[in-house]
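Each structure below appears as C-alpha cells.
The same chain A turns up in both complexes below, where it pairs with chain B and then with chain C.
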Partner chain A sequence: MNNFNEEKLVPDLITAIEVKNLTKSYINGTEILTVLNSVNFTLMKGSSVVIMGKSGCGKSTFLHMIGGLDSADSGSIFAADHQIDSLNSDKLTQFRKRHIGFIFQMHYLLEDFTALENLIVTSMINGNQKNKAKESALALMKDVGLLSKINNYPGQLSGGERQRVAIARALINDPDIILADEPTGNLDEENSRIIENLLFGLVKKYQKSLVLVTHDSYISNLAEETLILQKGVFKGDL
Partner chain B sequence: MNIINHGSLFWAKKIINLHSTSKQKKKHIIWSVLIVAFSVVPLVIAIILTNGMTEGITEKYIDLQSGHIQVSIPEEFSALDKSDLKDQILGISEVYSCELINEGFGVLYSSGGSYSTALRGVTENFLESEEVYEEFTEIIGSVNLNDPKNLVISSSVADILGLALKDRVAIAAVNNSTGKIFFKPTILEVSGIINSGYRNLDNQLVFFNSTVASTILNDSGRQYYSIKITTNNLNTVYSTAGKIYKLINDSSFTIRTWDMINRILFRNFAETKNILYVVMALIIMIAGVNISSLCIMLIQENYTNIGIMKATGAYSRSIKQAFLMAVMFISFLGALLGVLFGLIIGLNLNFILSAISHTGIAAADFYLISIPIDIQATQLIMVVLFTCVISYISIIIPLGRLKKISIIKILNN
Partner chain C sequence: MQENRVTDLQWILFTSFKYFTSGKNKKIRFATFPIIGIAAGFIAVIIIIGIMNGLQQGYLNDLIEIDSYHARITIEPDTDVGKLQEVLNNTQFVQNTFEFLELEGVLRSSNGGSQPCLIKGLPSNIYTLDSGFAQELTISSGNFFIDSIDEVVLGRNLAVNIGAGVNSIVELLVLGEGKTVNFVPIEKKMIVTSKVGTGYPEIDDMICFVNISLLKKMLPKTVPQIGIKLYDSEKINDFVKEAVKIDGVKSVESWIDLNRSLYSALMLEKYSMFVILFLVFVVVAINIKSSLERVVFSHKKDIGLMTAVGATKKNLASVFILQGIYIAIIGIVLGLIIGILSAININQIFLLIGFLIKTLTGYSSRFFSYSFPVKIVPRELIIVSLGILCLSIFASWMAVRKILKFEPVRILHNE
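And then the complex of A and B:
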C-alpha cells in the first residue's frame, strides 16, 4: 500500500484507485462530524485492500465515494483512469457501469427475478444482449457454485447463497474494481469464510482490484493490505 | 444504438408479472387495467353510436326527404321539358334515380286536431322504390299512391292527429312567401302509415300523389328533381352536381346538395358528436390519474431495486424505460379491453336502445330505432393511442422522480 505522496511515473498503468486529500463531513444537529479528513489512498491494479474501523468511522462513506455514489467536500478521486469527482451524473453512471462492481452487506437481489435473472438483468440493463448476458451469468453462477440453483428466487436461497449471487452480480459487467461493503456482515462464521474465500478467489481469478470494508479481522489474512480508518484518517497496516 | 433497452424490457415484464408479485400490487395492476378499460368503453360506444346515428339519419334524410341533389325547377318550365330533362339527368352515369317532387308547407286537419308540416307530392311508386322502402321500419296499409285520394303519413303524425287507416284528412296549403293559409281544403284518405325509425324525421313525413299536390300546392309550393346517386360520398355528389349544372346550363335552376340542404341538422350532429367525444375523453383523463398513482406505487415498491440498479450502473433513463413500458403496457391492455367491451356493447346497441325505449325515457325518441353499426378501425386505433398518450402524460411526473432517488439514502436505510 502506498500513500499518495509517493510520486508515480505512469500512474494510469498501475494504479486502480488514487485518492488525494479526501474530506467529508456531516452536519449532525449543530455539530460538524468529519468522517474523512484529508485522506490519501492508493490501490494498485489487481490488488486487494481491507479497510477496518469502528462503526460510523466513515468506511462505507469512503467506499461509496470511490464508487461515485457519494460526493466529497474536497479532494479528488481517481479510479480506473477517471477523475470521478469531476464527472456529472450520467458520466458517473457510465463509470460505475464499466468499472465498478458493488457488493453490499444486504444482498439486495431483485426478489421477482431468479438468481440467474438477477445477473442477466444487471447485464442487459447495462446494454448487453441477452445471449451474451446469459452466457456470462451462467459462467459466474458456476464460479460461485450455484449452477444447480439458477432458477431459484432469492427467497428460495439461504443467506450465504444470496450473497454468492450478489458476488456474481458484482462481476457480471466485468468491472475493474470490486467494492465490497461488509459482505459477510449478515452471515454466520461458516458462511462468512465461504464467502470471503470465494470473493478473494474470484478477484484473483479475474484479476480485479478489491476494496473491502469489514469488521471481520479474519479477512485481513486474505487481503494483500489492511488499513484502519480512525478519526478520519488511515492509520496504516495492521 | 437501440431505442429500447432489452434489460428495461426484461425488467418491465417482471414489474407487471402477476405470478411473482405481491397481492396488493396484483390487485392494483388488475384494477388499473379495468379502470382504463371502463373509461374507454363509453368513448367506444359513443363513437359507434354517433357513427351509426349519423350514417343512419343521413341515409334516411337522403332517401325519404332530400335526395343527394335537388334541382329546383322554375315555374315557367313546361311539363314536356321536365320529362326531357329528367331523362337527360338519368343519363349521367352516377345517377340512379330522379324523382319530380312537389313540396310545400301545409296544415292537416282531422277530427283529432290539426298539424302543420311539410307536404310532399310524389309519383305513385316513389314510396315503393327499393331505397325508400327499406328505410321504413314499419308499414301499415299500402304506400302506393296510384289513387289520388291516398295519403301516406308517418306514425308520429298519425299519433298527433289521432289517425288510423282509412281515416279522412283535410289538407290546406300555406303560402311559402306570405305564410297565409289557402282555404281550399282537399280531403284525402289515410292509405298507409309508415315509420322511418327516427322521430324527428317522422314528424315531417306526409306523402300524397303529385297530381293532387300540384293542385293543393299550386302557387305555394315548389317543384324539384330529387336526384339520388350511387354513393353518399360528398366528392362524388359534388362532381355529379357539377355535371348536372353543366347539363342544365340555366341560372334559373337552383342546384343544392344534401349537405347544403341539411346543413343545420348535420352541424348539430357534428357539434353533439364533438361534445360527446370531449366528455368521454375527460373520463379517460380521469383514468390517467389512476395510472399515475399506479406508477407511483410501482416505483415505491421497487425503490430499493431502483437504487441498486443505479449502483450497478443502470442509467436513470433505462430504469425509467422499464417503468414506462410496464405502465404503458397496462394502459394499452386496458385500452384494448375497453375497445373490446365497447365493441361488444356497440354491436348490441340496437337491443339496448330498444330496451331503453320501452322504459319510456324521452331521450330515446331522438335516437334511431335501428342504428346501422358502423365500426371504423381507424377510430378505435385512435382511441387506444389517445388512451396511451393520456397515460404517458400522466406518468411523466412520477417517472421524473426516478432520477432523484438517492442510492446513498437507500443504502443507509
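And then the complex of A and C:
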C-alpha cells in the first residue's frame, strides 16, 4: 500500500471534522476577496450540519476544502482522522476515495453510464470488484427507490431521480463523511422535500456525518445544527 | 499494490470500453474516421508491399535459380571438386550443388550476325538435376541439350539478334588459356539445340549455355566454381559461416553480394514506400489526437467528477488513451483482413477494374491483365501493426496529457 495511513492521527472517537483557523482568499483583479477568515468548525461523528449563507459567501469553497478538493491559504483541517491539509495530491485522492461522499447541486452523473453503472464505476474506482460493486449498487438503488430504473441513463431520469442516484453514489463507498453542495438547488419544492428526507434518512440509517450547504431553510429543520456563513465567519450555535 | 493495479485496470477498462461503445454522445462517429484511416492505410501497405515483395522475390529468385545461385564457392586449386560437393551436400542448408564455369566471348551465326555473350558451362544433365533452373527457364523452341561439347543453348534475344535458330550452326569465339601463352583465341563451331527465355532481357540478350567440359578444355588452368542452392535463401549467412570453414573452399559469395546493387535498389525502393505510407499513419495519428482532444474536452465534467470520487489522473488518462488503442486495434484488424484478402486476390481485382474501365470508357490497358506476384511477409505486417499501435498510443497520450493538469474543483465550479 502507499504511505497514506502514515498521515492518520490517533483515532478520535467523536470528531468527524475539525477545522481550525481556516482562511481562504481569492484575488479578483487588484482586490483580495477573503471568503473564509480564520474559520473554526467541528462536526461530531454521525451528526449533521447545514451551512447556509448568501451566494458567493464561500459555502461551497468550505465544503470543497474539507473534502480535499481545494486547498486553504492557512489553517488546518482534520477529517475522518486525517490532517488533510498536509496530504499531497495522490494522498488526497486516496482520502476522498475512502472517506468522502460528494453530492453536488448538479447531479454530475456520467451520461454514458446507466444509473446502476454510475454507482458501480464509483465503487470500482475505490478498488472493489465489479460483482461486489454491483451488489452494493443494487442495494443502494433499492434504498433510494430506483430499483426499477437501474438501466436508465441519466438523460432518461427526472431531476429528482438523478439526484437520488447521486445520493446513492455518494454512499456506495461507505464513506465516513457526506458533503452535499446544494443538492436540491435545481429541484422543485416537492422533489426537494423528497430528496432532503431521503438524504437525511439514509445518513441516519448508515450513521454518516453530513455537511450540507444550502439556501433552503427547510433543511435546517432536519439537521442537528445550522450555521450561517457570513463575511467569512460562521454565525450560529455551534 | 498488485491487487490495486488489477482493480484499477478493471474500472479503467470498464469505463473506457463504455465510453468507446456508447452511442449516446457520438463516440462511434469520433472513432469512425481514424479507424477508416488506419484500415485504409494498412490495406494500402499490405497490397503495395505484398506486390513489391512478390516482384522482388520473383526477380531475385529468377536470378538466383538461373544465374547467381544462392552462393558461389571459389575453390582452392588441386581440390577434388566431387568430394567438396559431397561435403557441401551434407550440410544442413544445402539442397544441391553444381559445378560451373563462366566465360565471355562472341557468338557469330552462319548468316554473319554476331554479338558478345556470356557463356555458361554447366553439367550436361543440369536441366534434370536442377528443378529450380528448369522451372525458371522457358524453352521457346528445341530441347535443352548440352550433352556434347558441340551443343549450345541460346538466350532467346541473343538468338534473334544474331539470326540463329534451332539446329543452326553458330561459331563461338573466345580467349582461351594456352599452354605457353596466357591467352589464345579459340573458335568453336556448335549446333544450337534450343532457344530459352528467362523473362529478363538483360539475361536473354547475353546468355548461352554449353557443356562444362567444353569450357574446361578452353580454360585448362581455371578451377571451376561451385554453385549452391539452399533450402532457404534466408539462411545464407549461416551457410556462408559454415562453408568458409570447409577445406578446399577459397571464398564464398552470397546471392546478396552477387546481386548487391539490385538487392539494394529493391530494398531502397521498399523502404521509400514504407516512409511514404508511414506518412499516411502520421496523418491518421494527428486525426486521432484532435479527435481525442475533443472527446477529452467533452468529458471534462466526468473527469472532474471521477477525480472527486478518487480516480487518479493517470488512471483517467489511461481511460482515454485506451480509446486510441481501441481505434488502432480495430483499424489494424480491419486493415489486416481486408488487406490480406485484397492482396491475395489483387490480380482478379485489377482484372475487374480493367473490365469496368473498359466498359465505362472504352479504354483498355494491358496493365490490368498483368499478373502481379504477391508475397506477404508476416514479420513485416507485425512490425507495421506495432508501429501503428505505438503511433496511436503516442497520439492519444499527446491528446490526453492535459488531463494531468485538470483541477477537479475548477471543473466542477465552472460546470
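By our rule, the second predicted complex is superposed on the first by the 225 of 238 C-alpha atoms of A that agree within 3 Å, B and C clash if a C-alpha of one lies under 4 Å from a C-alpha of the other, contacts with A are read in each partner's own complex, and residues count from 1 in each chain.
Keep this in mind: a residue touches a chain if its C-beta (ideal position, glycine included) is under 8 Å from a C-beta of that chain, and two chains touch if they have at least 3 such contacts.
Owing to the predicted nature of the structure, the values given are computational and were not obtained by experimental measurement.
Asks: Have a look at chain B and chain C on chain A after the superposition and call it: clash or fit.
Replies: Partners clash after overlay.
Asks: Where does A:G127 make contact in the superposed view: on chain B (first), on chain C (second), on both, or on neither?
Replies: both
Asks: Once chain A of both complexes is superposed, is A:N197 in touch with chain B (first), chain C (second), both, or neither?
Replies: A:N197: touches no partner chain.
Asks: Which partner chains sit in contact with A:Y153 here, chain B, chain C, both or neither? Use first/second/both/neither.
Replies: both
Asks: After lining up the shared chain so the two structures overlap, which partner does A:L110 touch, if you call chain B first and chain C second: first, second, both or neither?
Replies: Both partners.
Asks: Between chain B and chain C, whom does A:S38 touch in the aligned arrangement: first, second, both, or neither?
Replies: Neither partner.
Asks: Let me test your reading of the model: by the given contact rule, A:S217 touches which partner, first (chain B), second (chain C), both or neither?
Replies: neither
Asks: For chain A, which residues lie in the overlap of the chain B contacts and the chain C contacts?
Replies: 60, 64, 67, 69-70, 90, 93-94, 96-98, 102, 104, 108, 110, 112-113, 117, 120-122, 124-130, 153, 169, 173
Asks: Residue numbers of chain A touching chain B in their complex, please.
Replies: Checking each residue of chain A against chain B gives 60, 64, 67, 69-70, 89-90, 93-98, 100-102, 104, 108, 110, 112-113, 117, 120-130, 133, 153, 169-170, 173, 181.
Asks: Give the list of chain A residues in touch with chain C in this complex.
Replies: That would be residues 1, 60, 64, 67, 69-70, 90, 93-94, 96-98, 102, 104, 106, 108, 110-113, 117, 120-122, 124-130, 153, 155, 169, 173 of chain A.
Asks: Can you list the chain C residues touching chain A in their complex?
Replies: 1, 3-4, 7-8, 10-11, 14-15, 18-19, 22, 24-25, 27, 301-302, 304-312, 408-409, 412-413, 415
Asks: Which bits of chain B are touching chain A when the two form their complex?
Replies: 5-8, 10-11, 14-15, 17, 20-21, 304-305, 308-316, 318-319, 322, 403, 407-408, 411
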